[in-house]
Structure formats: C-alpha cells, structure tokens
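What follows is a pair of complexes built around chain A, which joins chain B in one and chain C in the other.
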Partner chain A sequence: MDNIQLTNSEKILSKKPQKEKNILLWLKKNLFKDWKNVLLTIAAAVFSIYIFAKVLSFLFTSDWGIVTNNIRLLMIGQFPVEEIWRVWIGVLFISALLGLSWGLWRGVIGHVAVVIGSILLIFGIIPYTEESSKMYLFISAALIPAFYFIGRKANFLKVPTLVLWILYLPVTISVLNGFGMLDPVSTNVWGGFLLTLILASAAIVCSFPIGLLLAVGRRSELPVIKYSCIVYIEIIRGMPLIMVLFIGQLLLPLFVGSEIQLDNVLRAMIAFTLFSAAYLAENIRGGLQSISQGQFEAAQALGLNNIKVMVFVILPQALKAVIPAMVGQFISIFKDTSLVAVIGLTDFLGIGKKMAANPEYLGKYLEIYIFIAFFYFIFCFLMSHVSKQLEASLGVGKR
Partner chain B sequence: MCFLAGLFFLRRGEEQLDKQTTSTPIWRNKKTVPIILQAAFVIVAGFALYFMITNMLYGLEQIGLTLGLDYLQLKASFPIAESLISYSPEDPYIRALLVGLLNTFKVSFFGIITASILGVIIGISRLSNNWLVNKLAVIYVEVFRNTPLLVQIFIWNFAVFLPMPKIQEALRIGPFYFSNRGTAIPWIQTHSNTGMWVIIIVVLAISAMVLYKLLMKKAIETGKSSYPFAASIASFIAGCVLLFIFTGSGPVHFTAPAVQNGTFVGGATLSIGFLSVLIALSIYTSTYIAEIVRGGIMGVPKGQTEAAKALGFKSSTSLRLIIFPQAVRIIIPPLTSQYLNLIKNSSLAMAVAYQDIVGVGNTVINQTGHTIETIFIMIAVYLFLSLATSLFMNLFNKKFQLVER
Partner chain C sequence: MKSVFSVGKLETPLEKREEIIKVTKLNKWYGDHHVLKDVDLAVKQGEVIVILGPSGSGKSTFIRTINALEEFQKGEIIVDKIALTDDLKNIEEIRKETGMVFQSFNLFPHMTILKNISLAPIWVRKWKKAKAEQIAKELLERVGIPEQADKYPGQLSGGQQQRVAIARALAMQPKIMLFDEPTSALDPEMVKEVLDVMKTLAESGMTMLVVTHEMGFARQVADRIVLFDKGEIVEMGKPEDIFDNPKHERTKAFLSQII
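After this line comes the complex of A and B, so read on.
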C-alpha cells in the first residue's frame, strides 16, 4: 500500500509546472512586475546598452596589430624557432590524452576537450598564425575526436591513461629542456603562455604531496610535528604571494649555498610550490575533518594500522570531498602566476608588458591587456565550470 | 554456540595479548614510537635548518654583511611620492618603512570599505527577481573574478589613468579633475570648531540611543508603539540643526580642487598608482564578497521569512530584523578571510609604483642588501595587520553570534 502511494505522489511531483510560453507573461513577471522593477529594468537596460556599444566599438575600431603580429611571442615567448617542435609535441600529446580521457570517462572532460579543441581550431583558422603552426594546430585539433573514438571503444586503457597523465608534466618539461640528449634550451627563454602553464601545473602537481603531508601532519597527535605544520601553514598564509616570490628570488640562493645553481624559473616554481602547499593543506584538512570518527574506528576495528587506515579508508573519501576546492585552488594559482611579471620573468603578462613598452606599439596598452585578460578569462571560466560540474556530480554537501 | 565460540576466541586473543605485552617490540610500543618519530623529525628538520643557516652565514660573510638591525638608522636617501606622515630622503630607513606601512594601511582601509559596499550591492542584485539586474550581476562577478588581479591593475593604471590629459588640460567632471598625474577630488578640511562638533555629536548620538532604548522599553511594556526609531533620529537631527544655527558653521569644510600653475590646489589629490590599485582591488574583492553575501542571505532558512510574514512583519522590516542578523552570522567568517586577502593583495601596488610596505622594502633591500632582516620586518607587518583585522572582525562576530539557550 505504502509503495503505491509513494509512486503516485512521485508522479505528481515529477510533473513539471507548465512552461510559460507566453513571452509577454515572462517579461511582466521578470522585468516589469511593479513600478520599482520597471525603473530598475530601464536603468539597467540603458547601462548595459551603453557598455555593450562601447565594447563593440572598441573591439572593431582599435588596431589589434600588437596582438596579431606577436602571437608566437605571446604564446611561447622567446623559445628558439628551430626548437619549436618540442612545444608542439607537448600540445599534440595533451590533445591526444584529452581526447582519450573524454572517450573513457565522458562527463565534464568533454567540455574541456571541446573548448581546447575549439581554441586550437580558431588559432588554426585566423590568418595571423604562421603556416607551419597551422598544420600542427589542425593535427592536434583532429587528434581530440580521433582519440575520443579510440577511448570509447577501448575501455581497458583507463589505467595506462592515468599513468600517462601523471607522466605528462615531467616528460614535457624534460622535452622542452632537452633531457641531456637534445640541445638544452635554457629556461631563460621560456616565456609567454607556455611559461604560465608550466609554472601553474608544476606548482599544483608538486604542492599536492607536500600539502597532503602538511594536512595529515597538522592533525597528528605528535605535538612536535603538529605545531611545525601549523607554524609553516600559518606563516605562509599570512604572507602575500609576492613576498614568497621575493624570498624565492633573494633568499633561496643564499639558503642552498653556492654549489647548487637555481635559475629564475626554478626559483619561481619552488616559491609557488611552497606557497600553494600551505593553501592546499588547508583544503585537504577540510576534507579530513568532514570524515566522521566512525570511519577511523571501523577501519581500526578491521585491524588496519595507522598508515593503512589513512591510505585506504580516510584519504580516498577526504580527497574526493575536496576535489572542487582543489580546482578552485588551481584557478587561483593559475591567476597568481601573473605575479612573476613583477619579478622580471616573461610569462604571459610579463611578455605583454614588454611588448607594450616597445615604441612601435606606443599606447596600445588597452589592446594587449584586454587580450591577455580575455585569454586568462577563458581558462579560468572553463576551470570554474569544471569545478561546479564536479561538485554536482560528486554530490559534495548533499547526502 | 556462536556466542560461546566467540567468547573462546576472545579469551584466546586476550591471552595472546597478555603474552605479547611483556615483550612488545620497540617499533610497536605505543609509548616509545611517537617519541622516536618526533626525535627523527627534529633531527632531520634540524639538519636542514643547520644546512640553510650555515650556507646563509657563509654567503653573507662573502658579501661582507652582518645580520643586525643597525642599518635601519642609516639615511634612506630615496624619495617616496606620497606619504601620510612627513618624509624626506634625509630620514632613516625605519621611517621609510613606516611610510610604506601607512600606505599599505591606507589602500587596504579604503579598499575594504569600497569592496564591501560594492560587494553587498552586487550580492543583493544577484538575488534580485529582476532578470536583467540579476544577469548583469552574474556577468560582473564572472568577468572580474576570472581575470588576474595584476592584469586588472595594469589595465587601470596603463590604459585608463596614464593616457589622461596633462594637468593643465585636466578632464573635469563635476568637482573631479582627472589628469595623468593623479585625480583630484573634493575633500574635507577641519577648522577651529571641528573638535567641539565631534564631542557634541558623540553626546547627541549617545542621548539619542538612550532615548531609543527608553521608548522601546515603554513600547514593549504598554504594547503601544511610540515610534522609538523616528523619535531618536529626530532628536539627533534637531540637536545638529540647533548647533549649526548656534555656531554658524558645519563640522568640517568641504574644499573643491582647482588647477593653479600646473598643480592641484585644495581637495585631495590621489596618485595614479593608488587609484588603480584601489579600484582594481575593490572590484576584484567585491566579486568574492558578493558571492559571500548571496550565500549568507540564501543560507537563512526560508521558514524564517514565512514565519515573519505570518507574524505580520512588513518585508523591509523582516529583512532588517529577521533575515539580516542571521545572514551576518554566516557572512562574517568568510568575509574576514576576504579582507585578509585584500590586505595581502594590496602588495601588488609595487607593480604600479605605489610605495606600499613591499615596494619600500624592496628598495631598502636593493640599497642595503639586508634581505633577511627586511623580509622579517615585512612578515611582521603583515602578521600585525592580519591579527588586527581578525581581532576586529571577531569582536564584530561576537556581537552577532547566536545566543545559545
């Protein structure tokens, strides 16, 4: 009897209210409810039309030469032209991986793959890219759907794909650097968007294990370890990033002595890693705190020792709960990499700043900075979209 | 049967346990293991620190520097464009750092105020029933929070304020002047009666509050509204008007700026760097505050609004007395951390030549080479600012906290 009633009521509930097809009704309800709303709507409409017209006229009347003539510089900085194939290997590799993962897991990875593919295609179509680059761009854009179909058919590739993802960053960096076999390309000439991406990914990948240890350490019962972790986390979180970068640039060489040579990019990477680890630790600690005491006790009752309890029971649940927060952390690190422009590296913003200082493009500040802002916006917006989707699909905060 | 068997195993287990405790190996002893682990940690960390400190001392020796704070008394000999206290290149480094600290404080203080106002407006627009207003707020939040703050600061500095006309041909909008050497705004100026005004205003405010409390108490006792809020406000305004007639002047003078001989006279002149950082910082932080405000208001259960309606509250009264006090409880902790972020982000000012503590500290480091000491001073400054902000917000939080019964 209960069952029948339940199904009945569910049917009634699942019936959606009739969609308002009447556009006038919709307008009245959402824009012109009463005289206050009418005033508000008119003011907002005038304001948005004004802004929209201004933006449009700016987009179509200004001279975008500073961007279109320097696309290569903006993307890879002063990376030597004859070694440019190394960058393309990285791009091809990641396109293939992205396509493969899309086919294997579907879901939100598809959104990322489509956006990245469209960016590659757009750069391939616009007339400002060099002919040689166009070929690579089209191939990498084509790799995404190709590997998508492979991924859909070959389900057994899940584990190898994960391994490839983990290997991706070290392999790419060593190819770019020329792992001993190739001519080394000094990190001094790495630049543009390439440097931004490398700094952000290296920081997030390297800071993850450190942050994990710090988070577990902060919840440890051993006072020495606990307070060391607390002191580290709170000091770093109390400092502005730019000061951590200064410490990396000025103090790090002093601390490691003169035998070990660290170049500017590596120092910035270390500074970002140390900075990001403290924030990541707090995110992960939030996840650890969300696990109920019962989980610890149950795992211990099963006879697992402390390390096994952590690795097999607590961390998988805790990390799953903080994935969206970690994506948020990645977004902020990605945005924060622009700070290296202040300490003289030529990342995406740094190279833009240098180009704007070129007398050939006098006063083209708005054009170049709007382009840079837009490019950052696409990637940050994409990531925050991914974070929202993950939050929904993992059911965080809903039980 | 099962129960008996279970008991049997339990007993066996206990016996085994008893046997083992007599000879627990050292790596499983609950008393020694933590001590060993911590000792190992201390040794490793100690070695790392020792390595770093010896390297550092050796490096300093090579350059010919010794640690110490004596250098702070030396002559700074670099100019700072804007300062809240008097400063000249003749002053010592310590005073230069103090100027930097005050500049950081200035931009953070005004930044927090403007970011909060903007954030609350956008956050409420985000909840508006009006489709257009709602969508505009969404676009605002998405655009400004998804672009790096430094890019925004650069856009304001290089693309908006720097191309402004020269000071002689300054762009004039109402009482505001915009030029490539700064923006002049009307500002208050104190005069001889200001001190008296402040004292009397405080007295008036206190008496108005007392009046409000008394009338409210009476209203609750008698059950008849005696308009406590209107009465107290009216008494305050009446007092101010009487004072104005009596003294013949307001509490402060407003002075409007004007251009004379290539400089601004009167009002207050805001430098380009300060303005770009202030505007970019306020807009960037306001997007986060807007989301916090929206979350806070949405976090108040809907039943509260409905209950207030059922009790016959007007919607504005229920917002003021029921929804807002509960939303504030949710809003304050994340708001505090956004304020701390704003203070830390104000350090980006050095990228546009606004001399905050990091900018001044950087110059000091470059001139003297005393990297470690200066960095420690900067850390201490930020620690102090963060603690002060947290303390203030905690006081505020306590006032609004839920009174548990």
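After this line comes the complex of A and C, so read on.
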C-alpha cells in the first residue's frame, strides 16, 4: 500500500488491478508470507485433508444399498406400481413446460431446466433405477431440449405457456388422485419426495396470492379489513407450525362439515398455505413500507385508481425489494413439509426414517440421511440461486 | 406538435375568460394546527399563477388540495366545473384534468422513461399503446430529451428527470398543471432547463399554478402572484405590483428576505 500517493491519483487510476500470473508468487504472498502464516496454512491443510479423506472413505466404503434398493420408495412412497404412469405424466408435463419456458424467456429458467434435466439423466443412467422408469426418465430429459427449441421458434406461445403453468399443479394432482375419471389413488399412499414436492409447491403457489392480499389489506384504511388481516396474521404467527398442522387435521373438518371428506394431504396443504401466507404477508408489507409516499402520490395524481396504483407502480417495486425474504420463506416452507410426519404422512424424510428402522438396514442411518440431505440441498440451493438471478435481472435501472 | 403540447394561445383577454378553478373559503387543519385559513382563489383559463411564501406557509398544502392529495375540512373547490368531494369518481375526474409535478420528481424507477409517460394515458385515458407511445415520444422531443426514451429514471440527471416528470403529466393532456417547487431539488445548473420548459408551457396557454422560490421566473412569467403566509393569502396581484410596490407588511418582510 506504500505506493499510493494522493498527488498522483491519475497514475493509480490508469493502472489496472494486477492479476497474479505466477501461481507460486500468489501462494507465497497469500499463504506463506511469514512464519505465522505458514503455520496456519499447514494446520488448515492438514485438517482439510483429514476431513476430506474421512468423507471420501465413508462415501466409497459404505454400503449404499439402503438408498439404491429403495429409490422408488424414496421418490414416491407407497404409490401403487401399476399406477406409476400417473407420476410420470407429471414429470413429462413439467419437463416439457420447463423446456418451453426456457426457450421463450431464456434467463434463469434455463438454469432450473438444466439442473432438473441433469437429475433426470443421472437417475436414468445409474443402474439402480428400474428398467421401466429409465424410459420415462430419458424421454423427460429429452423433452427439455426439444421444447426449448420449440419455445425459441414460437414466440406466440408465451400466454398459453403461462396458462399451462397455472394449470400444472391442479392437473397433476387430479391425475395422481384420479378425480372421478380414473381409479382413485388414495392420498394415504402418496409419499416420499413426491409428497414433499406436492405439499411444498401447493403451499408456495397458494400462499403467495393470499399473503399479497393480507399485506395490502393490513394497510387498508377500512378498519374491518385492516383489523381482520392483523388478527389473522398475528394469530397464525403466534402458533407453532405443528400446531397449525394439528388444527388443520382436527378443526378443518368441523368448519367444512362432515359431508365433505377432506383427506389428509389436502388438510396438510391448507395448513401449510395458511401458515405460510401469514409470514409472506409480513414480508410483503415490509416491501410496501419501503416505497416512498411520493410514488403513491405521483401515481394518484396521474388519475390511476387505487388498484392500478398498486398493480403498476407499488407492487412491482415492493415485491422486487423483498425477493430475498420471500424466497427465504419458500425455502423454509419446503423444508418444513417434513413436519407432516406428526400427522401420519410419510414425506421424503419420513420415509427415510421408516427405512432406517427396517432391521434389514440396521445402522444405516447416516447413508440414508446423507442422501436425503443432499436432495434437499439441491432443491433449496436451486431456489436460492433463482432468487439471486431474479434480483440481478430485475435490478436494471435501479437507483 | 401543437396537439400534444399546447392548448393554443387563447384569443380572449384574461379578464373575459372562464374560471377553471374556483376555491372558496378553504380551511384545513392538521389536528389543532390550522394550516389553511379561509383561502379564496379563482383561476382563469390560461392564467399562470405563481405562489410565493415562506416555508410552512401552507402554499404546497394548498395546491395539493386542488387535486385531492390533501383533504380539507371546510370550504369548496371547483375544478373544471367538477366539485371536489369525497366521491372517488369526482376525484379521479379532477385528477385526469390536472397534471402535477413534484419537488422530488417521483418518476417510477422500475419503468423506462417511455413507460413512465405512457402508463397513465394507456390505463386511464384508455388509449392504444401505439398512440400513447407516439405521444410520449413527441413530448420527450418537446422537453428536449428524445434520446432518453428507453433509459430508466436512475440513469438521468435531475433536470432531465424533472423534464420527464413534466412530460408525464402533460401526456394526460390536462387542462391545468400544478407545480410543487419543481426546481428546489435540482442542482443550480439544471434549474434553467426545467424553467425553460415551464416557460414554453406557459406561453402555450396552459393554466398553471406554480409554487416556487424562483423570483426571476415569477416576475417574468406569472400573470398573477399570490403571497401566502401562515395559511392565508396575504397579498395578490400583478408581478410588477407585488415586487416593486408591495402593500402588506408581511409581503415586504418576505421579499426583503429573499431578494
């Protein structure tokens, strides 16, 4: 730092930051500068190598049979084998949609498509997957690039694609369930990663609009609306999630009457949605409060009515400001779905726990939990990554 | 160009024109604080009124009541034959006819300049997008920054932003323009470019109410000067009378402080 002189700032500015060309020089400068540095470097290296070796030897010497023999169980739980094509329809449908959206919008959706495609391919290649599934896996993986090219060519498909996205969850759930047309597959046998994904995506998709309305409602000037929103938000936030799940199981049937049979999964979905909505509402309210009064006034002065002021001017800015907080909430609800174990559903983690209790795989806890943790991580990291990219792409022209 | 920017020079002399704004006995309180006291003002079509006064005198509050950004408790405001009441419909009608320019610009930072200007014409006036954007471009040309159409507000200088804000207000083709200290937040070298745009606008026959501290502008452009102090109109008259021959003590005190 000695060479910085304020009188000679032009010279410094014109100098590009130096890039270390010589790796040895870099090492010497950053890792082996003096004896303290050398000591720390060696200690850190020894420790890292030790941990790395331990992990590697565990990964390669343990018996992964508990995972490889049970992939189907982990993914879809007790879903009947003869109806498994229904699950594949869901997978094929979303692969096509992902590919199409990638082609239409590019950007971060491409990252998601590539990750999902890779997972499908990996499962298609590994020898532990059942032969019948391999075909579906390869077709799904192939659909992504195929529809990517369709999307690139067919710009007019934007609106239909959005409609398909909205329809995706209801259609998939109907197909899985049967809904009158097919033989019903009771939700009692839904399980594994399938159940986790369905619960989480339903909760995320449904809680967003509810949370938005609650957030806007809480700022309303009409006392009835304002205070009902506050009461709702505060009551939900004052309860543990497990309790909300129990309430969903026990109280919802009372409210809707005994004529309508709500099954377990649906009740869990409603509970997660109601819970998540309250938290989202507070996140979004934070965003609304960050918008200056001047923005409201400018929009009103132009003659826009309250709804248009919100839709065109306030919400786009407010939601952008709270993307990190909202995605944090989505990630947390995704992981919280593992709590459905307490109401008798076997989600991804739940089924792993059951397997580990099987005498055949005695003491194989670590293997199964590492696999499950890795899977959770991929999906949570993907969400986190999407949020980051989204922020960056929406940051254009930010003050 | 005339169609989008100018109202057309009014032929009739000022005295014989119709009143477009009529404010009678306007009173406003913030809690116990009486901010507007029996304010009476009638503005004729095409008249340029500059409102002067010390800060806290209620001049900004006054013009903000005209397009219902502030409520008032007593009195009557009639804008373009519409009485300003609590009725949302009336408020929206009045806002359609009055453009407003703020001290802090208040452009929408997430939209391009073109979108900023064409938003309200598309969603309030229900114009086709192509028409709204065409007019937005013409307006940008008139305020001298056609090349900035696809930028975002954050990429523009203060003076440019304020000119966009004027264009945005004009895009709704209002009959009245309200300016709330439009140059107060600007760097000194940018004040002139904004005042020039306002001057052209005044010459084109627009009815304008301007709250400002720019005495040069007031003297040169105003048809009438209104002097506010402590929530009341203290004195009102032609610029030369007010500046050269003030009658009221408070006017004299105010003018002596700023000139």
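By definition in this document, the second predicted complex is superposed on the first by the 361 of 399 C-alpha atoms of A that agree within 3 Å, B and C clash if a C-alpha of one lies under 4 Å from a C-alpha of the other, contacts with A are read in each partner's own complex, and residues count from 1 in each chain.
The definition used in the following text is that a contact is a pair of C-beta atoms (placed from the backbone, for glycine too) under 8 Å apart; a residue touches a chain by one contact, two chains touch by 3 or more.
Only a predicted model underlies this, so the values are computations on that prediction, with no experimental measurement involved.
Of the two partner chains placed around the shared chain by superposition, chain C is the only one that A:Phe312 touches, whereas chain B remains out of contact.
Of the two partner chains placed by superposition, A:Leu390 touches none, neither chain B nor chain C. In the superposed model, A:Ile173 makes contact with neither chain B nor chain C. Set against each other, chain B and chain C touch different numbers of residues in chain A, with B touching more.
Applying the stated contact rule after C-alpha superposition, one finds that A:Ser48 touches chain B and leaves chain C untouched.
When the two structures are aligned on the shared chain, A:Lys320 is found in touch with chain C, with no touch to chain B.
In the superposition on chain A, A:Ala142 makes contact with neither chain B nor chain C. When the two structures are aligned on the shared chain, A:Gln300 is found in touch with chain C, with no touch to chain B. For chain A in complex with chain C, the touching residues are 292, 294-295, 297-305, 308, 312-313, 316-317, 320, 394, 396-399. Contact residues of chain C toward chain A in the complex are 67, 69, 88, 92, 95-96, 98-100, 102, 104, 106-110, 112, 119-120, 123-124, 151-155, 165, 168-169, 172.
Across the interface of their complex, chain A is touched by residues 34, 37-38, 41-42, 45, 51-52, 55-56, 58-60, 128-133, 136, 142-143, 145-152, 154-155, 158-159, 162-163, 344-348, 350-351, 358, 362, 365, 371-372, 375, 378-379, 382-383, 386 of chain B. Listed in rising order, the residues of chain A touching chain B in the complex are 30-31, 33, 37, 40-41, 44-45, 47-48, 221-225, 228, 235, 238-243, 246-247, 250-251, 253-258, 331, 335-336, 338-339, 341-342, 349, 353, 356, 363, 365-366, 369-370, 372-373, 376-377, 380-381, 384.
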